[in-house]
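Note that the chains are named A, B, C and D in the order they appear, and that numbering of residues resets to 1 at the start of each chain.
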Amino acid sequence: MISKRVRIREVGLAVGEYPPGKYNAITDVDSVKVGHATIITGKGPLRVGVGPVRTGVTAIIPHPGCLIDDPVEASYFVFNGAGTTTGLSLIDEFGLIETPIMLTNTLNVGTVYDAVVRYMIRKNFRNREVRWFNPVVGETDDGYLNDLGGLHVKTEHVFDALDSATGGHVVEGNIGAGTGTGALGFKGGIGTSSRRIRIGDVKFVVGVLVQSNHGGSLTIKGVPVGKELRKEEIKREVDGSIMVIIATNIPLSNRQLTRIAKRSTLGLTRGGWAAGHGSGDYLIAFSTSFRGKEWSSDVKAAREMILKNEKSLTPLFRATAEATEEAVLNSLFKATTMEGRDGHVRVGLPIERVLQTLKKFHRL
Amino acid sequence: MISKRVRIREVGLAVGEYPPGKYNAITDVDSVKVGHATIITGKGPLRVGVGPVRTGVTAIIPHPGCLIDDPVEASYFVFNGAGTTTGLSLIDEFGLIETPIMLTNTLNVGTVYDAVVRYMIRKNFRNREVRWFNPVVGETDDGYLNDLGGLHVKTEHVFDALDSATGGHVVEGNIGAGTGTGALGFKGGIGTSSRRIRIGDVKFVVGVLVQSNHGGSLTIKGVPVGKELRKEEIKREVDGSIMVIIATNIPLSNRQLTRIAKRSTLGLTRGGWAAGHGSGDYLIAFSTSFRGKEWSSDVKAAREMILKNEKSLTPLFRATAEATEEAVLNSLFKATTMEGRDGHVRVGLPIERVLQTLKKFHRL
Amino acid sequence: MISKRVRIREVGLAVGEYPPGKYNAITDVDSVKVGHATIITGKGPLRVGVGPVRTGVTAIIPHPGCLIDDPVEASYFVFNGAGTTTGLSLIDEFGLIETPIMLTNTLNVGTVYDAVVRYMIRKNFRNREVRWFNPVVGETDDGYLNDLGGLHVKTEHVFDALDSATGGHVVEGNIGAGTGTGALGFKGGIGTSSRRIRIGDVKFVVGVLVQSNHGGSLTIKGVPVGKELRKEEIKREVDGSIMVIIATNIPLSNRQLTRIAKRSTLGLTRGGWAAGHGSGDYLIAFSTSFRGKEWSSDVKAAREMILKNEKSLTPLFRATAEATEEAVLNSLFKATTMEGRDGHVRVGLPIERVLQTLKKFHRL
Amino acid sequence: MISKRVRIREVGLAVGEYPPGKYNAITDVDSVKVGHATIITGKGPLRVGVGPVRTGVTAIIPHPGCLIDDPVEASYFVFNGAGTTTGLSLIDEFGLIETPIMLTNTLNVGTVYDAVVRYMIRKNFRNREVRWFNPVVGETDDGYLNDLGGLHVKTEHVFDALDSATGGHVVEGNIGAGTGTGALGFKGGIGTSSRRIRIGDVKFVVGVLVQSNHGGSLTIKGVPVGKELRKEEIKREVDGSIMVIIATNIPLSNRQLTRIAKRSTLGLTRGGWAAGHGSGDYLIAFSTSFRGKEWSSDVKAAREMILKNEKSLTPLFRATAEATEEAVLNSLFKATTMEGRDGHVRVGLPIERVLQTLKKFHRL
């Protein structure tokens, strides 16, 4: 049964109050595309540089145009900064992101950074002088399963993730940057979700994608699922990290996007996140609708309403937390058990028992 | 005459009130070592990927031991964040730096990051499991002279810089990460300086190393040298960036090091720095004497005095600004004229005329 | 029954895993004292400047000595900054608090600031020259019940709160700065809780005091109590604010206390906090054991352990969130229904129904 | 001669390259008004509560309308936070200021805060319910001349400053919040200056007002005037504080205003500011042209240009530094010698000798 993985809504489970978008994915935000490269080779004892390899790269592309010429307004929030995400000071200063956002394992940040530079040069500077730009590359540590020190992500994997990026359905679980991760005592991975909201009468969407690798004790709809299941099979983990990417088509400023990124932590906490000492918790938010955009009269009206009273962003605050909470759950529901180096195993979430536990507590 | 380059004190020029250390260099701080790798090839028109190449890498190693086991207490200040320095969020969270600090060109940050990862694994994880860590890599844009898009810094250059690092005398000017840079309208480069100070009765030292590539108009001892010389040969530049690395052996906390890093901007301003829109101004400060150290009774006494009244850091505030100001000047005085891609030229500071100008204004 | 108010543990309810201190209050941290002044006069329609008045002041005194000579190491975290807490920039710069921490209503911050200045001058500068210092005064808006614009807190109320401060048992609910507040749809107020933890073998304590006035939907042990009860009598509220004061006797630096303050938000979120647009969420943390203290060998050992690996703070991270969660619950459990201006009513939490709801979901 | 005080341009002195506005004052920014209340009584030995009194209040009113309904976009930068400015967290969160900006002495912040609350209630809430808002009150310490502990600023002084505020000519020197201050070894006070700039083809203005009370050594046009004069009569001071208020009519966001505020420190540094340990250096910037404004087509064009490339703000960066530098000089040039408590004297800048010194160094 564990091999049949589903998203939470496929088994009748849902969190929050706002409805998801068409794909219930970050790609519900118009121009956003997601691509993965997954590297799984070898088994048995760790031999640094050889394997076993359980890692990858995930690319989130804000829009298909030239991001250097048309960057997206962006911001971020770091809850616990035990990690590296590059490009943050440019976000502080200019309020924008000018490259795809990349996720990978901790020690391959350099490789991915370099590969994005090469990709951007090839794509955007064919007929003009190369100028400086600053890639955004985040990471979590997949070394429990993966030969982290082997640095197995190569330039071609980064190109693969970028070149294969598409809109629509997003593959989740043990894929891309989520290949070797573990979260809340189970196998983690990539997960996504979205919410449809209204600012005044105008429809917008917010989408979230996570690379779940964080510590804590799984909580669903307030039920301490992790604690209940722990009696049987899983150990408690405090540390770990999570990357959260938030996209919206609401026209927001850098300052407002900081506020949105912060709200994501409410969703993480509701899911049982521990925010431990060694956690790298980076929440990055961008808007596809601020710069270099002609706004429809609808969007203008919404922008006006926000300018007049930012309290009109309340639905977005709440929806961001909800989509974050659900993206994490989807990452766990879709990730299968994986054995990595030295016989280390991350167990896929036992979905049936989770559902039983929820029923026991009258929450399903 | 331009080929004979000197440090400012060799021509009787000095800034500030505190005396420099033995080498008047960041290496006056006990365990600190500096290494460079310099890449100069080709001339003529730019052919991306071929050259001309005018770039390099500079490594600042806080101490020769295992930085992962014995990190140095650290902090930083970003004045204008138009650039990338990796590892800053870990400094915020843990207050430390756990790798050498690397400087290079803007688009080679990924390569250098990756190479430092390899270096650290090789050096520190031979007989134990590789764990995550976060290199600190900063940069400025040397694309006016250098084939920036050609990404000419390779792993072996990074190893060279690290392996060749030494204490004592530091080579300045067109070397390492300063090979292709320009500052204040002239050829920039690597520069360094130090100051000896006392906290109570205890002697300490603060050292600064810069990769000067910043915009503005050269000012020396209050004299608008750049403006005076501009009439003849140089054009006014607003943008550009500067990396400033500050080391001290005073036992300071992360919060206190933030304060020190900020004071560095006073030295930059006195030198004519413009802090323009596109400037990446990163000031990183670390102490070799906080963690994992047995303190002498002298150092304990100084620490006690600082704890009782932080105003006792006043000499350090002033000395940091002075050493920054002088490090920039040394970078200009030592850098020779360089021709790079497409016939672009950065002119070495015309030292004699500078001295004449200072005399004209009664400042020498 | 509503008139019989109890703390949560008196009805067999508890949150978290660590044991509370003797008083289960912020005063379990050795030298900390708490005092209140409560102002309740009038009823009926609002007449600005006349009443009805439902407001007050709460004072948290870190230690009974001269705080200007012996300040406490401190830090803070602002989640949503829609409010005012004075003195924060000094905390950033010097890492300390040098006055009692005061809580009151939004528009009386000035009065309380001024009164603390007078109190400090009288107490600390009788025989020496007055020097500058910076009071820490926080607030939330009690204007739904209180004549906020009437500015009814006077200097003598502030003196009363300060002069009556004691250790030991802390009165909770509709008292002091919590007199007129409302939280999560019910009557809010002052609440407190503490946790005993160990760093290595050394026993420490962390205590939290809240002025609960925040929006959201009450959640207890994961059960959406607010949502369940809302069907009957309460309306949903998004906005509001909360002040959280965290004290510990663990020797921590300013940077470490920032980390502790952040963890408090996990407790708030578990309790149903919405962190809405207009929320003023200020979390202030201080240590009674950093400056001007002779440390016992035990404390030295703990400090050494923390310095070696900050992960040893994990119990403190978790305990802070737990104590925050419980302090909020105590504030609600102890606050009785109050009618204020214009017939506005904040209903005291219906404790029996809460317990029934928890039983229904198998969480009691 | 000292009794004849002039602004720097009246004696042929000027700093910077951009032209000043009509009044060379912060009031050159359309709607901005400035008002003062000055309190000077008594002489001789200090008797706390009696005098001598040398203090006051200065009000900067961004526009004459209801600031609560129509706040101004705002931001700030704290270089050294040894002081108190209230209302900063609201600026972080909402990016705005919703009251006049008030300056006073350190220990009267509470009184002034309270009085502004009363003023705002009276002015803006006559016919509607009072809601919360957050005054911005800054300060420096005038205790060398003034009976600081006597808390001599009263509510009526604050009302006087607010009610007497006007556009046009701004009185400088020993007035309002500058009555008792000292800067760079001389008598400080209120000073102001402005610059006219163009963004594209559109004319704008930036104005600065300072309450100068900062430490350092006076520098004018690069000449170490303080050091030269010190030989004779003044002592060196490291500490002190400065409040800098920056206004512009360029439509800027909170993030952009942060950048502007930072540039002000370049002007301070050029003037000899030490940024010492105990300095409270607060730089607050606001735009009268962001919110609730109909923009002319000219302003829209400028806004578009800034949005496309923020480098078009370069003139504003430079002009802000220039106006800050000149505002400080005006504060010194206009302030006369003042004797305060205990025979303490702050000497008015000896203008003739300053001019002679500048001539000696060929800078006049």
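What we mean here is this: a contact is a pair of C-beta atoms (placed from the backbone, for glycine too) under 8 Å apart; a residue touches a chain by one contact, two chains touch by 3 or more.
Since the model is a prediction, treat every value here as computed from it, not as a measurement.
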- What's the overlap between the neighbours of subunit A and those of subunit B? C, D
- Query: If you take the mean of the Cα atoms for each chain, which one ends up farthest from subunit C?
  - Reply: B
- subunit B and subunit D have mean C-alpha positions lying a whole-number Å distance apart equal to 34
- Query: What is the distance, in whole Å, between the centres of subunit A and subunit D, each centre taken as the mean of its C-alpha atoms?
  - Reply: 45
- In subunit A, what residues contact two or more other chains? 80, 93-94, 259, 310
- What part of subunit C is in contact with subunit D in the complex they form? 46, 48, 78, 80-90, 92-94, 106-118, 121, 125, 129-132, 134-135, 141, 143, 148-149, 151, 280, 282
- Would you mind writing out the residues of subunit D in touch with subunit B in their complex? 79-80, 219, 221-224, 238-239, 259, 262-263, 265-266, 269-270, 273-278, 310-311, 313-314, 317-318, 360-363
- Message: So in the complex, the part of subunit D that touches subunit A is made up of which residues?
- Response: 93-95, 253-255, 259, 291-292, 307-308, 310
